[in-house]
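Naming follows writing order (A, B and C), and every chain is counted from residue 1.
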Amino acid sequence: MNEGTASSLRLTPKQQRREADDKTVFGFWLYLMTDCVLFGSLFATFVVLRNNTFGGPGGETLFSLNFVLAETLILLTSSFTCGLGILAARRGQKNLVLWLFGITFLLGLAFIGLELHEFNHLYNDGDSWRRSGFLSAFFTLVGTHGLHISTGLLWMGTMMVRVKKAGLSRLNVRQLTMLSLFWHFLDIVWIFIFTVVYLFGVVL
Amino acid sequence: MVVGLLAAAVWYFHGHTVPVLEPSGTVGHKERNLIIVGLLLAVLVVVPVYAMTIFISLKYREGNPKHKAKYSPDWDGDRRLELTWWAIPGIIILVLSVITWNSSHALDPFKPLVSDKPALSIQVVSLDWKWLFIYPTQGIASVNYLRVPVGVPLNFEVTSDSVMNSFWVPALGSQIYAMPGMSTQVHLMASKAGGFYGSSANISGAGFAGMHFTTQAVSQSQFSGWVKQRQQSPQPLSQSAYDGLATPTLNNPVAFYSHVKPGIFDDIILKYLPPSDREAANLHIPGASI
Amino acid sequence: MISAIAGLFGRLNGTALPHEPVTQGGAVLMVLSLLAVAAILTYFKRWKWLWKEWLTSVDPKKIGVMYIVIALLMLARGAADAVMMRIQQATSVGAHHGIISSDTFQQVFSAHGTIMIFFVGMGLMFGLINLVVPLQIGARDVAFPTLNAISFWLFASGMVLVNLSLVVGEFSAAGWLAYPPLSELKFSPGVGVDYWIWSLEVAGIGSLLSAINFITTIIKMRAPGMNLMKMPMFVWSVLGSLSLVAFAFPILTVTLTLLFLDRALGMHFFTAIGGGNPMMYVNLIWAWGHPEVYILVLPAFGVFSEIVPAYSRKALFGYTSMVWAIWAIVLLSFLVWLHHFFTMGAGANVNAFFGIMTMLIAVPTGVKIFNWLFTMYRGRVHFASPMIWFLGFVFLFTMGGVAGVLMAVPAIDFQVHNSLFLVAHFHTMIVTGVVFGFFAGITYWFPKFVGFKLHEGLGKLAAKLWIVGFVLAFGPLYILGLMGATRRLDHYDPSTGWQPLFIIAGIGVAIIVAGAAVQILQLVVSIIQRNENLDNTGDIWNARSLEWSTASPPPHYNFAHVPVVQSRDAWWVQKRGKKPQSQPYHSIKAPNNTASGVLAGAFSFVIGFGAIWHIWWLFGAGFLATILTVIIRSSSEDNEHTISAKEIAAIEGQRSYA
């Protein structure tokens, strides 16, 4: 061990911050992976129970593909605006960031609104989660995704307040980056839900 | 002291049987033989490990007075040696894998036993907290008591009208889970006459410990006599009698029934299925545990 | 009006207090001990000290100690449960009905399993990980110090919930894995299963967060020069184990949640009727449960991989094949879950596949044992008490492994499944693997973190008592299983002839308890005689890895200079080389203490308690408080303070080198 390597170990404050960013984003990826396993388990549960309607209605009578397609397009668009928001954040365009995340937020809100509408509709028709194993699995899988989206919205709201107040600080940009990772991840999960729950539910 | 312990052990095992190792059924017998083969294969690894542990611990211990033991503090590996102990257990496991594959098929509980005698069908229902045994052909039933003929294949169909249990008579062989809304199967055959202990092997609530029963294996003629006698039992197993039986009780005494309501076993399973599926369900496909 | 107020408390009312003498006694004992501790703290005016130095600490060395303290207390609780079970089964025969009712007995064995796995096994494991991993990789901290405190407090909160069930309400009587339909509302209408669900839910999320934290720490914060193949074997084992946590614990979270949705909202995931599927629960819980066994045992293997070379004065034999063995075990442990229910009626092909996968695990495990033995070969083995634990492990674990390979053959499993043979098998694996391993680890690292070593003679005596007691306690259970005795019986018939063996098993447990008492004595004697056993060198065992290069106990910042690693056994090589020139000290940044962890523990407790008793406003308030706290706290970086070069020079100046 020579003197040179040892002293070069001391990091400048800038390097330290970069290292902190690096660690945090890596940790967040790990979290997303565990969330993937969580959704994987819920998908497995849904697939096992999807034919257990216990005399109640199945997907083909309950789901409207057009409605779900609208939800899907809204969420995909929100992912796009979220991506543009991150690009703007990297370039330091504070107002553009606020606009783009504002649009993303509204789209997310619209998505949650539509989902709640669907749930409410099913519930009032007597097709609640108590009706059958299939409906329990449906409400839980789709609802868990909805809870994630709601958490994302809460996060997005606070981030917008913080960006407005403190600007695009290093900490805020790092958190916006993780938020966008989270949002894209939820988008991908939704694509699977669209396919496995709704499309297969109507077609198969 | 060692002698004393040995004597105590000999005395103890003289007085008691170890049914898994001294089975009275054909399936249990094959499973016992598997245990012995497995143990013999394991000895091939265990004995060297124990011998090495003792030898190395003694020879290379600090302060070994003989001072001759070699010391190579930086020796941290040897390709050939390491390969050896990946390979040797690997080979043993390979042998055991073949045995596993074959025995899993040969002793699959759903597989009927080959015999020149016609099989006896017995339906088993676990209830809170007792066992109901139905002999559908004979039209009789018993609670917490099982009587079977020696040398006759026994086809058990097992379900539960409560929580999960496990039907196990160690002297005969394999156990199988009893689960509501579906039937599992186990095929056994008594090879010796005798009274054997049977129980539930899966926790099922307050009265679980009382869910044991005696299995009496008797000759074919004694069995037929017993069936005739039980067919005269005053108590019929009607739906209402069954419903009474299905209410939770602890340490239920042995009871016998005649005139079993036909199809009662299927009804017990079907009530867990939605009405629309009840007609379509075919409960008797071999291997269909759903 | 009264009913409206009563409604505020959900299912909670006066009947929740314990009814049976044994549980009342336990509850009173627990409450009194807590009051006693509170009184002592007040008398010595130590509350502020406790809060500032411990409860709000983000130092992994302190968090590690807190994990181990809780785990040892829980070991006492779990052992008390074990003693009750042994007394019950030795006496409850024929006309005699033992000391407790069947319902209490069932709560006792459910609590025993839950506590031993989640709060003893996991607690000792995370304790050692917190203490040792940062030091072994030459880091000053973990990746996310605040998150680490939160993980610990979630663990503590789960522990409080389990124990609260003794005083308020009841615990699950459905076994440590609570199979439905028995655990469904219809068959278990009380709060017991809900206590089980929420204590594991809370503690499980803590474990998951810890895994994320320590994987990031190991991947991102190793000392310069320490590439993966130069990491100490304990770190490798932890990486393997925590990868399993990251993949398996989300499954547990989902499974527990679904069971709770069934119970609280009337869903039909695992109900027998309504389109549910109880067999799906059994699959899901074991898809977590089997990896869990390896989660516990891999770090214990890692401990042995540190101890054996240190006390043999020789490099670990077969480093590369050890690494391969760890990852083979990690991979295989996800492919074997079905062996826990061969008797559920899957086809012969499925059973045979899972049986063969199970046996395959014996190969990498065997490789590790051979490598340890060859580490001792041509070494100079010092049989300190950790090595006694190791020898006990080799002899007993191998036996347990043989039983395991036998049970991996489905046709054999049909004859021993759920019998006491199975109980004996998994206790052999977990007690001699996990517990012996962690005891060895605690003895080995004790001087590093406390500054003096434990009394050797008493340590050896304790190990020997545990080994002898273990053989007597579990040997008879193997035989009982082959005699047809199933697990979890609170009563049996004298005609079975089992009683003499149960009595021997009881004597065995008494000897184990004597061993534990000797361990307590060992701690007391060691504290009294501490001045004779001080570790002034920081390297009391002449060991090999980086934690021994710093002082004992290590300073808050671990290393004054970040170590530079050039080889495996970095410290061993460094101390045999020439002494490095002294270098100037530089200031170090360290995270501030935070109350976030305590708050997370408190809120998760409130959420769990609300859910258990269906006090929904409390449940909601807990969530709201959590969300608000996260929003407020996340707007700032982890607060840091600077330790100046002068302070470091002063601290390092006090350190004496032998």
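Heads up, the rule we're going with is that a contact is a pair of C-beta atoms (placed from the backbone, for glycine too) under 8 Å apart; a residue touches a chain by one contact, two chains touch by 3 or more.
All of these numbers come straight from a predicted model, not from anything done at the bench.
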Among all chains, which one's averaged Cα position is nearest the averaged Cα position of every protein chain shown?
C
Centre-to-centre on C-alpha atoms, which chain is most distant from subunit A?
B
Report which interface contains more C-beta contacts, comparing A-C against A-B.
A-C
Where subunit A and subunit C are represented by their mean Cα positions, the distance between them in whole Å
33
Distance in whole angstrom between the CA centres of subunit A and subunit B is 49
Considering subunit B alone, which of its residues make contact with at least two other chains?
274
Hey, what residues on subunit A touch two or more of the other chains?
53-54
Where in subunit C do residues touch at least two different other chains?
273, 275
Given the complex with subunit C, which residues does subunit A contribute to the contact?
1, 3, 5-7, 9-10, 16, 19-20, 22-24, 26-27, 30-31, 33-35, 37-38, 41-42, 44-45, 48-49, 52-54, 56, 129-130, 132-134, 136-137, 139-140, 154, 158, 162, 171, 175
Which residues of subunit A touch subunit B in the complex?
53-55
Counting only contacts in the complex, subunit C reaches subunit B at residues 102-103, 106, 173-175, 179-182, 187, 272-273, 275, 278-279, 312-321, 341, 343-349, 351-352, 355-356, 359-360, 362-363, 366-367, 369-371, 373-374, 376-383, 391, 394-395, 398-399, 402, 405-406, 408-412, 414-419, 479, 481-484, 486-493, 496-497, 500
Any idea which subunit B residues touch subunit A in the complex?
274-277
In the complex with subunit C, residue positions of subunit B that touch it
12, 15-21, 28, 30-32, 34-35, 38-39, 42, 45-46, 49-50, 52-53, 56-57, 60-62, 69-78, 81-82, 85-86, 89-90, 93, 96-97, 99-101, 103-111, 162-164, 166, 168, 170-171, 173-177, 179-181, 184-185, 197, 199-210, 212, 272, 274, 287, 289
